[in-house]
Amino acid sequence: MSGAAPEGPVLSVDHLSVVSRDSKKKILNDISLDFPPRSLTAVVGPSGCGKTTFVRTLNRMTELTHSLRVSGAVRYLGQDIYQSNVNPVLVRRRIGMVFQRPTVFPMSVFENAAFGLRILHESDAEIDRAVTEALVRAGLWDEVKTDLNGSALALSGGQQQRLCIARALAVKPRVLLLDEPTSALDPAATQRIEQTMLRLKEDVVLVLVTHNVSQAARVSDRVAFLHSGRLVEVGSTADMLERPKDPLTEQFITGRFG
Amino acid sequence: MQVLGRIVPWIPALIPAALVAAVIWELLLSSGLSLRFYPWPPVFHPPQSFGWEFFGSRWNPAQNQWGIMVFIVGSFLTAVPALFLSLFIGLGIAIASTAYLPKVMTQFLDPFVDLLAGIPSVVYGIWAFIVVAPYFGHVVNPWVYDHFSVIPGFGGTPPSELGTGLPIGIFVLTIMALPITTLLIRDALQSLPKDLWESGLALGATRWEVMRRVAIPHSTRGILSAALLGFGRAFSETVALAMVLNIQSGYPVNFYHGTATLATWMFTNLDSAYGNSSWLAALSEMALVLLAISLTVNLLGRRLVSSFIAYEIAGL
Amino acid sequence: MATSTPTGSVLPRDEVLFDRSLRTRWRLGFDRWIGWLLPLLFLVAIVPIVDLVYFVVRAAYPVLSWGNLTNTQPYANQNGNAVGLALIGTFDLMAIATAVAVLLGLFGGIATAEFLSERSAGWVRTSVNMLAGTPSVVVGYFGYFAFVLYFGWGLSLIAGALTLSFFMVPYIFRTVDLAYTSIPRPIREAALGSGARPYQYILKVGTPIAFPQVLTGVFLAMAIGLGETAPIVLTTLPSLLVPSSLNSGVTFLTYLIYDGFNHPSTGPGSNELAKAFEAAFLVMMIVIALNVVVRVFAARYKKRLEGLYQ
């Protein structure tokens, strides 16, 4: 990771639209949004409003679905990630992602966390160091340090999810996208992950998709509200939850739909 | 009544087991082995029990020598290279179609592999013998001979123009085992959850890196079963191989020479054995050896693969 | 260590998305090249199949005629390419073998699916896999020793047909078993709960549901049987006459193909060889047609039945 903290937003989304080639439906409609350093932005909205699609456009995962067409720009430190000479592989190293369900690979805890470094053929010492650091940052170290070579599949759901976070952190991304990371977990595990997120936002820009307004209230410092593919409103968490400007936002946070 | 109701369904259900048992029983009876453990005289009165000489290298009916080692070696000599070739080609095709090719392309290309599975082996045989063998005789074998004759086994007697022999045998077996290996491996690779595939990519890995480090380790069982079932097919293939192998009863003198496998030797020898009970007994015992190897390989292979695909491939 | 971006600002190297380091170029390049090279392996499958089909069709085309297909006297007409005899022989063999195999496979499959415990059924299924895994030449030997010699039927239509049925039983057995196993539980329970006896359920409820799939199995088995050569060659005697009884000799399509190999010296265009390719063409057409039907049907059942036959 670079020492020099950049000025301005780390990630900036500029008139982003996503259209389905099959149904011609606009899944995301003209979204513009900046993600400054040291921020945790919660993306909330009713089911099917495009939250998952939105975060997937931020590290070019959308292009794995051939039926989607993305227009507009997403700039990472000023560089448009959709430019033709940018390879998605490099984008994804800088902008990591954690999925809804834990997706540990069928290998040991250590090898899971080391995955992103192994493919770069880092030295063993460097891998050891980075894996330890990542596991510590993900808040998993104390639980697995005695059995790093045990199968990752033997961990509990919550531990697996934190391992996925550690795995993403090990390659030292500047941005981490989390798509409903706790929706498959019990309250205790959810709490651990929320603590982890609060710690991480000091040095990683976090984008958290959640359908759970109270989770957004607990961890985020900014909330973006999506509705049918539009960015309805974005503001500080306190403002959004207490003084929403848009009636749709108000309806959503007071739990009248979603 | 209750008891009857429970027993009656077993009668039809045991038919396949009974058929297998009948095959083994009959072959035991007609082979020299029966002398050892049956109190009553065997059907064909084999005049001798072969003992360990049976696994010797000399097969000479005129001198009453019945060693089948040549054919065991021949079987492995053709099946093993063919298996490796078709395993690697199959792996490549499966990876291409799982990770690299767009859906429109795979929809067009995959059926060719399916089609390969549907062609009867005798059709492969006649095609290989008439169309491919001359090519091997005039182009492939002379080229290999010219360039690699320093390697032991690749020099010596020049290849004949006919083109039949080991190389084309391996070629035919490779093509015939290809659908099995390809389809089984493809099925295993595609069973990797989409989430896992995507999280590999999300870590900044290339498709190849996710394939090599996640998908292939995840598919080890499938690949192993592809290897076993592909080997089973190659090892017991009869008629196509009999048409291109240039059947000989001795060890091949070099790579271009003819040889025989257990299956092809059994197939081409039964005619001549008629009336010679030693000969018939030796052939039956050979059948038992072939059966034992094939069944072991097949059952192991099937145990490993937890998919419906094996059932869809004709001939498995 | 710093590289400038298109926007002009200066970024640390590992933040630049246009990284051109050797390591990265190698990784991305390898992935791209593999993506181009691996699909070429499809040629290993496509070239032989296209060449084979092309050659068989080209060799068979000049001799394919209605007269040749229906003429049962191979050497009566001048060109001697008539395959009517072999068509009838194949039909006879397949008819007997299919009848026997359906009889054995149908009852066996239904019994396994409907009456056996999960555990027992597992053993039975393994035995089916064993039968399917028995090499064809070994079954041919069995037919020769049992039917031809021991029962004294000689090299004959019946010996060949019964031997052939060994290859068809496992496929019919499996599909029947799968077809009845896959009938949804509620349907079965509703039928049995309303007082139907098991056989009534099977006849009135199960069979109509399972029938299309059973038919698929029969087609699959026929495709397998039709392509078999070695075991029938070992247990029958080629004949110049249409089989008149179960003990007659019989000429069949795959025999003609194999025979083409035994008489190659006369070169392409010779009667035996032309006849071989004519027969190959017919066998391939029928087998491919059967396979297409099977695949179209089987795709529907695939998902539900994962893992039953391991």
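To keep things simple, chains are lettered A, B and C as they appear, and every chain counts its residues starting from 1.
Throughout what follows, a residue touches a chain if its C-beta (ideal position, glycine included) is under 8 Å from a C-beta of that chain, and two chains touch if they have at least 3 such contacts.
Just so it is clear, the structure is predicted and the values come from calculations on it, not from any experiment.
Counted as hops between touching chains, the shortest connection from chain B to chain C is 1. Among the remaining chains, the Cα-based centre furthest from that of chain C is the centre of A. Inter-chain centre distance (chain B to chain C, centres taken as mean C-alpha positions): 16 Å. In terms of their C-alpha centroids, the spacing between chain A and chain C amounts to 50 Å. Taking each chain's centre as the mean of its C-alpha atoms, chain A lies 50 Å from chain B. For chain A, the set of residues that touch two or more other chains comprises 89-91, 94, 119. Shared interface positions of chain C, i.e. residues touching 2 or more other chains, are given as 27-28, 31. Counting partners per residue, chain B has 206, 209 as the residues that reach two or more other chains. Note for the complex: chain B touches chain C at residues 6, 9-17, 19-20, 22-23, 26-27, 29-30, 43-44, 89, 92-93, 95-97, 100-101, 105, 109, 112-116, 118-127, 129-131, 175, 178-179, 182, 206-209, 232, 235-236, 238-239, 242-243, 263, 266-267, 270, 280, 283-284, 287, 290-291, 294-295, 298-299, 302-303, 305-308, 310-312, 314-316.
Residues 102-103, 193, 195-196, 198-206, 209, 213-214, 217-218 of chain B touch chain A in their complex. The touching residues of chain A, counted against chain C in their complex, run 1-4, 6, 76-79, 81, 83, 85-87, 89-91, 94, 119-121, 174. Contacts from chain C toward chain B in the complex involve residues 27-28, 30-31, 34-35, 38-39, 41-42, 44-46, 48-49, 51-52, 55-56, 104-105, 107-108, 110-112, 114-116, 120-121, 124, 126-142, 144-146, 149-150, 166, 169-170, 173-174, 178, 220, 223-224, 226-230, 233-234, 254, 257-258, 260-261, 264, 268, 273, 276-277, 280, 283-284, 287-288, 291, 294-295, 298, 302, 305-310. Per the touch definition, chain A reaches chain B in the complex via residues 59, 61, 64, 66, 88-94, 96-97, 99, 101, 103, 105-107, 115-116, 118-119, 164, 167-168, 171.
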